[in-house]
Each structure stands twice: as structure tokens, then as C-alpha cells.
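Chain nomenclature is as follows: A, B, C, D and E, assigned in order of appearance, with residue numbering initiated at 1 for each chain independently.
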């Protein structure tokens, strides 16, 4: 039962069968995705916790052995990300199970697209084939366009079109890079490319690297490629924005890391990543500070977090990768919580402005509390999980002797504090002037947010819950030879 | 389980208990708070083992909790002041809303302070520091006034300080591979000069910010005066001392031992400047809370000066002043709170003549003000004396003058506080003001008794300070129960002082009261000599607006430059910059696509530089 | 007792000596006579020789000078000031206006006899009395004090009702604190 | 001649891509932008096929007849990839056009410069 | 340590001496001013009579406990300060407690009284009192600074903070400090009129403006106590100046001569001066006196 193939197969299959289920019995549309997400989460956890150290689970599709066939690699690194994605996907489902604005007719499309997106993301993370990765990325992207444009009333089409425009460019670049790579190495298998990449002409290799960098950078919300992000995040439904932050961006950054850590052997890219990451942080956080709309603010903050993750990965040290993974975990969990909470906070306000939130702490105590908790966690205040991520991040930075980067990150963190605490101040310490018809969070939303909050507090109080796994994943990412050995037992790195 | 961990858990437990207690009903919550106020110090005094250390490793960082004597000294402040403030809060917050949040944050900030003082490594120090910061932030904006300005300003400055510390911490970790305080102190001498300065100054900045030293004090007046007064007593009395605590070990353990005395001297200068300017600002405040806030900053300036000078006597003075400041500022903020609650305002131009309505509060504030002004025979004098003597012994004559100027000018605001609230004409408006409830007056009176005792027997505090200073490397600090001695051997015998003042006072008291006792009348404050004009009850003749106008005219050249203005302008400039920066997100999809292409082209053009093939 | 001439104790003699040589004058310039005070105090006549000096407030003063005519409006203030002074206290009436109204005797808004409203210890005649006369008045007052005969303050207390009745006749809207010695 | 042909194919592919990009970046009409995307995609596909083509190769179909004869076959992988890529491109174009329709309904224009409600 | 009996006797004698001398000085002042104004003036014992008269007032009023205590604070301060000042260099009766206090302590105990007085004045509710207090405290900030600078200069120069220590140094060196550290002496001297609050620094009492300021509601026994305290305090200040700058005194005659000579300075200055406004007074003190103070400090430190 526990086979990585099911990750992709089952969501894909049920996604397209969902309308049929709907014909049979309407509520199934809501229930089936939940079962699917629960199932994927279950198998991913099952696989992940039963993983033997240093031995990834490798599945060969259709019986073709690598390098000819497509293979899925469920290692400690990819397994971690997949577990995170499936877990959060399940929570997003729990939250949106009876989300009021998603009527039954619409929920068909909604869940179909959501499942497609999740399946695509899982595919991106698991696949061992570079072209396959592209395909999954496109699945994710197209379903994301759909999800962005989900609400008819808003400017969602505009957001989706921008997303699409840039996303298409991204896919073009990635495809071009794959083409060049194939031309040079004659293979699409990542392990084999990794072996052969040393032989590629450095000029060509640099072009490939840049193409990949820009292509995946768009998904990873890198500056200046992230024009679509605030629009998409702010126009998509609340849970979708959450899943963008936790799933889409994660698959983008995963692809970036995988390509540059494992597949391509280019040193110079890390400096580029560092620069881009820093620029991303600066522009995103500073822009976020001047936002008047909650969702856009969260979106920019999300970009900033992604920049931080990029910076962490750019050190090319174990400490850096460890910190990056920690930040990814934090960002996924906390941003999801924030978006989920903001979904209810801005439910009934037309403009979704921050100033409409005056005194919500009293009207919506639970949701406000969750938002406050998320805000505390994301700016890195102890004893929440965000702090440990930041701590590891900064020690890693210091270990790389980048003191100025530390200063910059901390200055930006101050900016972050300003805009998050402005919201908290409005939520709790302002009097409500006019009445507003609010949407109380449904029980399942409460459940989803509570779980996330518990994770945040739990990890915050005792980060060793996850540090072991992160450390293992880090080791796996750096163990390039091991990866190749496991994927291609016949070949080995010279 | 270790008693230290249990202490932390007890405080956290009580925080949750009072939160949930208050969400059930008020009585239950108040019982929980009262229990916390009694049990936490009880546990600390009786059960906590000060020789114990707890080590554990989290996320690959070794951490250790354990008291040293220096931390114990400050814990003493926390553990005495906070329970009193909690009890006071029971009276003060009786009719407020959201008391659950209040007590939760209150107890959490106590938790933060307790934790800071028992941290033996930077990680736990920072964690508790941040807990303290955000819990106090919640209290700063608790009343919902000025959330944008004061709250954000407090949080931004706190964050700046905390992050400066954070940066220092990671750099230290990079250089020593350890997070232990002691490892850092031991290794400090071997660092390169740049690292020495970077870590030292960053740490100093972080701690100095919490103790509201001059260029970075701007958060303090608003934060102190905006918070519910029940907490401000702790905020100003104990929480700001955490900065002093940190400065103490940074300045002494690092700069003094690595022969970087000038860093300490700079700190001392900043402290002196703070003392002077904050005092000048305090003089012209019309709100008693603001006045006390500025006064707090000034007092912290003295403490910082004492610490910064770094001689035995000066540190002794600084620590002693820290203890005393906790006591008298605790009383004063509590008194201001009592007035605010009973009379409805602390505006000194409005509230007058409460002395006969609130005699206990007045008495407590009188004692505290005398201690604050440093007038013998109360405890404040002892600290002032030691500070001056240490500065004079050290030859820092300009600093002495500044401190003197500040503390002479401090008489002005001391008087203004008492006069503005308690003296002056009794108005019919405040006819029905009652004395505050015993829950509020008893903590004040207890603290004022402490202040009176320290006037003659400061040795009860000296004992702990001398113990604490062993951890700063000053062994065998001489102290006597009631004799103060400076480095040149000159001394003040406090018992003689008290005795002489007491005898004279009593003799003349008897004389003055007994003489013509039956023919001495009390007349109301409306019965004043005013050229025969009859003052009607509703006429308020009290002179309290522009109280120190002439002095303001003198100081105008200094006071017209407000450092807040520079910060505000800086903030506005930054905001404008950010607004400009975000224009890059034009909203036009095509522009975004254009960025992508341009980015790609730039990378391709410079690929040679990037990849270096 | 001590103001009884026959039975002055040694204490009273000393006290009266001090009182007579230390007269703090509350110069309440009511009428035209106020202009006579400065020459009295300054170099030419130098009243300070006798221990006479000005006092700024009634709390410190011993002697109340009524320097001339007294309008009914002013009377209220004068009474207030007088009552605020500490015992023993003395009143000197200046000029004919204070004695019988003088040239204002039929005016609608001045009082005619000061003594009806507050007890006067010494009158100085003249219109206005010159500084020499003023000093003579002071000397007379000193003599009275020494003999214990300057007991206007005592009379006022004893006959308060009578004085009040007279005062209230003039001052129709009586809003004054009680005199409760 | 052969080389010229190869390069002319490469050249054509590159030209198509640049043409597409030009349309994407410079044209203001949404439809034209979508067309530009499609054209760029086509160029890329052409490039793919060109890369996979081996001079004189036959169709890459393994059969007993060709096995072991040493016949040069074109590389089959790019062709398979192109098929996938075309499908994806088609999907993207479809979504894009759907979005254009919705944008036109909302804004009554297809000028991309006028569709910027979301900014900053 | 001759025993407690001598101590108490000495303290009483010192107080009596200070009272008598102070009263006579005040009398002389009135006389001198009168002579300058071409008057005869009151007898020199006039102030005794004033005090006695005020004491013999039959009634007195107060506005509350602080006003009742205000004179008490003043006289407590004066007498206590006196206890800690070496009146004569090595007399049996006049040493009191001067070994157990030092200059800083003296500086601080000297403000104890004015502050208590200010509280009492504040309670009266008389606006004139409050204005007077406000002026007085402001003026205090003014003159304290040069005065403290002078003292600190002495302390740094001679490495002692006790008055007896400074006295010993003067007798060892055989020279007075007004000669050995003239700058400090000048600064202290310039600050002195402010301390005595005579014209042109009589802005606190200012009878013509403020109806005698803080004391406007005090009469009878309260005023007499305050006058007593004032005369003692004048003596205290003069003695302190003499001890610091003029080598102290070894017998009462010397003490009287030196203090009287010193006393003439503010008196004569005041006799011919009008009155400053508050801010003018502060500006005065922060002008030349401050300059000399700085100069003294720099001279002392280097």
C-alpha cells in the first residue's frame, strides 16, 4: 500500500473523477478530497517514518529502470517536503470543507483544482526526472491559474492572467534549459545528469543554470520575478492562498534546491541566490510595510520569507540548509495559519483593508488569537517555532561570516514586526466603531487552525521534535554520491 | 525536576490559570492572581536552590539555567516588587475589562524577567528577553491609547535592541562555538579587535536600550505612561533593570577585563546626558504619569552612569540605586495609578488637593519622592552619595556636575508631582474622592517602609549587592550596616544622621505642636490671603499651569530640539522610501514579464562574472 | 488677664514689649491716605526705627491701617483681611473719614464710622494726617500695647454679634466665611 | 547545405521565440500577448525537434527489420517531450484565453495597460 | 569622645551660638541697609523682638499637616546641618558630629528644609506661595551648579570630601583655599548671593510681587520658627564658606570676624541692587560663575 506512486496517481485520478462522484452523491465532492488528502498524508508519513537511514525509496515507473524510465525518489529530503505538503494539504481541506463561499457547484472545480495542484507539487518533489519535474510543475501552475481565478466577483482574472503570463515565461525557460541539458548530456534522469554535468562546457552550463534559476525562481517568488505573487495571493480564496504559500512556493524552492544542489554542479549560482534572496527580502518586506490590505501584506511577507529561505540555502553549508529547511517548515505552517485566519477576518469586509479590523479581537476571539499567534511566530518571537528557524538561520549566516547579511535580516525583521504588530494592535486594542456582520469560523476551520497553532507552539517549546528530521534531510541533500548510488546502482560518481 | 524549571512552570501555570480564571469569572481569576502573588515569591524564597544548574540541549544548542549571586540580586527586585504590584493590580484593575489578558501578560513578563536572571547562556537569555518584550508590549497597548505611536515605537525599539543582541549572540556563537555566557567572557580577550567591539557594542546597545539610555530612550515615556499603572511600577522598577543587569555583566566582564574602559566611559557619559535631559523633560510635563516616566529615564541614567564607570564603588552605587529605584518608582507609579483611579485623572493642572482625601497615598509618595530626590535621611541619599563619591574619586568631574545638575533639577519635578496631585487647593470637584482600597495602599506603604529603613540601615541591601558583585569580579567588597565610606576614606555615618535629624525633628515637633495648641486652627485652603477677596468654592486658585515657565525660558535652546522629532522624520523618510520602492510592483502584467526578461538578460550578460568560467 | 493693666505678669510685660517694638503693618491702601505711607517708611521719617515694617499678608501682620474713606465695597475686603489676621491685632484709622466720614459723611457708598464695623485702637486725625502724625499714632499704639489697652481684637471677638449686625447692614449680599475664633 | 538547413531551422526556431517574446512584451492587446506566448512555445518546440534530429536518421521505431542494421535513427526522446510540451502549451493557451474573456467582460477592454486594479 | 553629656551640651551651645549670631547678623543687615538708605534703622536686636513677638501671637492657622510641618522641616534642616559642620577647628563643644558627614552629605541635607518648606507652602493653596516655590526651586538649580563645581574642584584637588579633611589641609599648608584655589573661591562667591536670597536674588519672597511668596500663609509661631531657622542657616552657610575657603576658625572671635566679613558681601551687594527676574537669575548663575567653576575644575583636575 505504501508506494510513492499513489501520491500522484490517486489525487490525479480522483481529481478527474470528482465530477462523477458528484453525480452519484453530492456531499461526496467535499468528502472524497478529504479522504484522498488524508490518504496521501498517511502514506507519506508512513513511508517517511519507516524510511531506513540513508536509503531512499525509489520507484521505477512502468518498469523501466533509470536512466531510461521515470523514477520517483522518496528520500529523507524529498520525503520531508512531501510529508509537509500532504499534511498541510489535508489541513487546507479540513479548513475549506464547508467554506461558505465555495458552494457545492463550485466546490467541484475547487477541489479538482486543489487536488491537481497538490498532486503536481508532490510530483515535482518526488520525481527523479527533470522533464517530469517540468510536467508536474506545469500541472501545478495551470491548476494554480485556475484557483487564482476562482472567484468571479473580484479582480481574480487579472491576477490569474499576470500569474499565467509570467508562469508561461517560466515554463518556456525551464523547457529551454531542459533542452540544452538534454543536448549536452543526452539524458533526462537527474542522477545521470549529475554525473555527466561536470563534463558540460561551463559556458553552456552557466546558461542552463541561469535559465533554471529564472524559471524556478518565478515559482519560488524571487525578486524581481514575483510580480504575480501579491495579486494571486490576495485574489485567490483564503485556503488557496494558504496552499500557495505552503505548497506552490515550496515546490518551487524545492526544485531550485534540487537542481542546484544535486543536478547541476555550479558554484557561482549560490552568490546569485544570495543576492537575489536579499533583494527579495528587502523589497518584499519594505513593500509589505506600506500595505493597507491584509492579504496583500501577508503576500509580501510571504515573499520576504521565501527570500530568507533562499538566503539560507545560498550558503551551501549544512547549517544553512538546515536553517533553510527549518524556515521552510515554519513558513509553511505559520503562513498557512495566517492565511487561514485572515480568510475569516476579512470575510465580510469588501476592501479587505487592515483598518477594517479594528476591535476584531473581541468579536472574533479565536480567529484573532490565531492570527496573533501566527504573527508572533512569523516575526520570530520565542517561544514559537519561528524563533528557532531564525536562530538557526542567523547562526548559519554567522558561520558563513556574512555579518552584514545578519544585520540586514534583522533590520528587515524589525520592519516585519512593525507591520504585523500594527495589525495586532488594531485587532485587540482598538474599539470597534461600526457593526459588521461577521462570519464565525466553522468547526472544521477551528480544528485546522488549532492543529497548526499546536504545531507552532509545540515546535516552539521543543524544536527537537523536528530537528532530527531536518538534520537527516540536510545530510541527504549533501550526500550527492549517495543519491546517485541509490538511483542508479549501476553507475557511480567517478 | 529542578526547582528552577518548576519556578518557571509555576509562573507560566499561574499565567494561564489567571487567564482562564478571568474568562470564567472575576473572582476566580483574582484568587488565582492573589495565589500567584503569594506563592511565587514564597516558592522563590523557600524552595529555589540557588546553587543548582540545569543543563539541556535544544536544537543543537547547549543551554543552562542557574542562578548566580548577581542574578539573584536582581531577582530579589523582581520577586519583591512584582507580587506587590500584582496585589496592587487586584485593586487597580477591579473595574477594568479584559483583566485576563492583563494578568496573563503581567505574569508572563515576570516569567521573562525570572528567566533572564537565571539564564546562563545566550539562547535562553534571548528567549526570555523576547518573552518579556512581547508581554510588556501587550501591556503597553493594553489601554488602546496611542497604539500606533507608542505601541509601535516601543515594539520597534525593543526589537532593535533585541536584534542587536541577537546579532551579537550569533557572532559570538560563530567565534566560540558555544552559547554559554561564561565561555564568551573567557574567550573575549582572544577575539580580534573587530569582533570584540562588534559583539560588545551590540550587546551593550541591546541592554542600554532597555534601560532607556539617551539616544534610544524615545520609547520609554510613552510606554511607561500608557501602560496600566499597576504594571508600570514593575515596568519601570524591575523590567528596565534587566537592561542594567545586562550592562553590568557586559561592561564589567568584558570591557573592564579586556582593558576597554573607554567603552564603559562612553556608556557612563550617555547615562549622564540621559539623566540631565530626561530630568529637564520631566520638569515640564503636565501629566504625572509622563513626569514619572521621564523621571524613570533620568534615574536609569544615574544607574547606567554608575555601572559604566566601572569602579567598585560606582557599580555598588549603581546596583544600589537600581534596587532603590525599583522601590520608589514602584511606589510613585502605584500612587499615580491610585490617583488616576480615584480622582479620574493624573493631569496635574486639573487634579489638586488630594492630600486630605488620600493621606496614605500621599504619605507613601512623599517618602518615595524624598528617596527619589536623594535627600537624607532616606535610602535614596545613600545611592546618590556613593555615586557622587565614586565619580569624584575617579576624577570624572564633568560627569559629577551633570549628575548634580540632574539631581538638583530633579527637585523641581519631585515637588511638582507632590504639589500637582496632592497639594494646592481642595476642589469641590474632588470632594468625594476616597482613599484607595487597602489592596492598593498596602503595597505602597510596605515599599515606603523599606525606603525608610534603608535610610539608616542600607546594609540590608548592601549584603546582597556585595554578594552579587563577586560575580562581577569584585571580591570582598567592604560594606557596613550604616556607614558609607568612599575610596579616600571619607565617610558618612547614617545612624548619626538619622539620630540627629530625628532628635531635632521630634524636639521641634513637640514644641511647635504644643505651643498654643488650643489656639491653632485649621482653615480650609479656600481661606487664603488674597487682598481680602473672598474665594468661592468653585474658584480654583492653584497655580499649576506652566509651573516652571521661567525655567523653561532658560532651557528653551536645549529643549527645542527634540530627539523624537528626528526619529519621526527618519521614520517618515523611510516610509516615503518604501512607498517609492513599492512602485516597482506596477500592477501591469507586461511590466512584470519585462522584469523577468530583463533579469534573464542581465544574468546572461554577466554570466561570466557570476560563474567565473 | 494679661491685658489687665493691674495684674500684668512678667511674661506679659516681656511679650508686650516685643509686640510694641515689632509692629508689622499691613498697608491696606483704601483711600487717599495710602500716599502717606511711603514717606513714613522711607528715609525722611524712617518708621523702621520703631520696629515698624511692612507685612505683605494679613497672616503675618499686626497692624491694619485704614488709610482714609472706606467704600462699602471695600469694607467687605477689610473685614475679611481683619479676620484673617492673627491675634493680637490692632487697627489704626487714618484721618477724619475713618472717624466720622469726613467730607464723605453723606456719601451713599462710604461708611461713616469705622469703629462700628471693626474695632479701632487708634485714630489719627487730619485730612490727611502727615507722616509726623502717623508716627505719633504709632507711638500712641505702642503705648497702648505696653499698657495692654490695645484690646480691639478682644472686643471684636466678644462683641462679634454686634459687629456682624452692623456689617450686614452695609453689606447686603453677605457671602463670607464664618469667623470662628 | 545540410548544415545550412540545420542552422536555418535553429534560426527559425530562435526567430519564432524572439518574435513571441516581442509580442508578449510589446503588444498591448491581451489576445496578441497570448498569441505571442503560443508563438514562442512553437519556436521552442521546433528547437526541440531540431535538436533531436540526427542527419539522415529514420523514424525511431524499433522493429525486427531495423534491429541490428546500423540504421541511424533520430533521437526519440525530444519528440516525446515535444508532444507533452505541446499539450501543456495548449492547456495554458486555453486557460489564458478563458481569462482574457473574463477580463474583457469585466474591463471592457483588452488593453493590458488598463487592467491594473491590483498594484503596489 | 568626651561622653554623651558634653555632646548634648555642645550641640545646644552650638545651636544657641548660631541662633544668636545669625539674629545679630540679620539685625546688622537691616541696620546697614538703613544707613545706606540714609535712615536710622531699627536696633540690631530688632530681629529678636520680631521672633519673640511672633511667638507671642495668640492664634495661628494652618491649612493642613504639611503646612504645620513646614517650619519644622526648615529648622530640622538648619540645626542638623549645623551639627555636621565644624564650627571651630578643634573646640570641645563645637565639633558636634562633623566627623560623620562629608560635603556631599552637607549639600544634600541643605535642600531637605527648602523642599519641606515648599511642600508646606504648596498645601496652603495660595497661588503666590506656589509661584514663589517655583521661582525658588528654579533659582536653586541656578546657583547650585557653580557652587557644586567649586566644591567638587576642591574635593578633586585635595582628594578628600570631608570638611574636616579640607580644614586640616588648610592648616597643614598654612594657606587658605581662597588663595590656593582662587577660581573655585570666585565661583563659590559668585554663587553665594543666590544662596542667601538677598537682592538681586530675592525673587522667591518678592513682597511687592508675590506677597512674600511661600511664607505668605505662615504667621505666629510658624513664622517665628522659620525666622529662627533662617538665622541659624545663615550662620551655617557662612561657617561652611569660612571652613572651606578661609581656613576655618580656631576661636569664636575669629569665626565672627571671618563670617561677618563674608556676610558683608551679599548684604552690600543686595543693598544697592534691584531684583532679577527668575530666568535672568538663572542665566546669571550659568554665566560667569559657571565659567569660573569650569576653570576651577580644570585647574583642579590638571
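In this text, a residue touches a chain if its C-beta (ideal position, glycine included) is under 8 Å from a C-beta of that chain, and two chains touch if they have at least 3 such contacts.
Keep in mind the model is a prediction, meaning the values are calculated, not measured.
Q: Apart from chain B, how do the chains cluster through contacts, with nothing moved?
A: A, D | C, E
Q: Please identify the chain lying most centrally, where each chain is represented by the average of its Cα atoms.
A: Answer for the innermost chain: B.
Q: Taking each chain's centre as the mean of its C-alpha atoms, which one ends up farthest from the centre of chain B?
A: Most remote chain from chain B, centroid-wise, comes out as D.
Q: Quick one: which chain's Cα centre is the longest way from chain C's?
A: Ranked by distance of C-alpha centres from chain C, the top chain is D.
Q: Indicate the whole-number Å distance between the mean C-alpha point of chain A and the mean C-alpha point of chain C.
A: Averaging C-alpha atoms per chain gives centres 97 Å apart.
Q: Mind checking the centre-to-centre distance between chain C and chain D? Centres are C-alpha means, answer in whole Å.
A: Taking the average C-alpha coordinate of chain C and of chain D, the gap between them is 117 Å.
Q: Just the number, please: Cα centre separation of chain C and chain E in whole Å.
A: 36
Q: Averaged over CA atoms, how far is the centre of chain A from the centre of chain D? Could you give it in whole Å?
A: Distance between chain centres: 28 Å.
Q: Return the residues of chain A touching two or more other chains; collapse runs of consecutive numbers into ranges.
A: 158, 161, 165, 169, 230-231, 287, 290
Q: Give me the residue numbers in chain E that touch at least two other chains, ranges are fine.
A: Residues 57-61, 211, 216-217, 220 of chain E each touch two or more of the other chains.
Q: Identify all positions of chain B at which a residue touches two or more other chains, and write them in rising order.
A: Each of 519, 521, 524, 526-527, 529, 582, 585-587, 589-590, 593, 597 in chain B touches at least two other chains.
Q: Can you work out from the touch definition every pair of chains that touches here?
A: Every pair of chains meeting the touch criterion: A-B, A-D, B-C, B-D, B-E, C-E.
Q: Where on chain D does chain B make contact in their complex?
A: My answer: residues 21, 24-25, 28, 33, 112-113, 115-120.
Q: Which residues of chain C touch chain B in their complex?
A: Those residues of chain C that touch chain B are 28, 57-59, 76-81, 84, 87, 175-177, 180-181.
Q: Spell out the part of chain C that touches chain E in their complex, as residue ranges.
A: It is residues 14-15, 17-19, 21-22, 42-43, 46, 48-51, 53-57, 59-60, 62, 86-88, 181 of chain C that touch chain E.
Q: Residues of chain D touching chain A in their complex?
A: The contact residues of chain D facing chain A are 17, 24, 30, 33, 37, 40-41, 44, 47-48, 51, 77-78, 81, 84-85, 88, 91-92, 95-96, 99-100, 102-103, 106, 115-118, 120.
Q: Over in the complex, which chain A residues touch chain D? Could you list them?
A: Residue list for chain A touching chain D: 131, 135, 138, 141-142, 145-146, 149, 152, 155, 157-161, 164-165, 167-169, 171-172, 175-176, 178-179, 182-183, 188, 230-231, 234-235, 287, 290.
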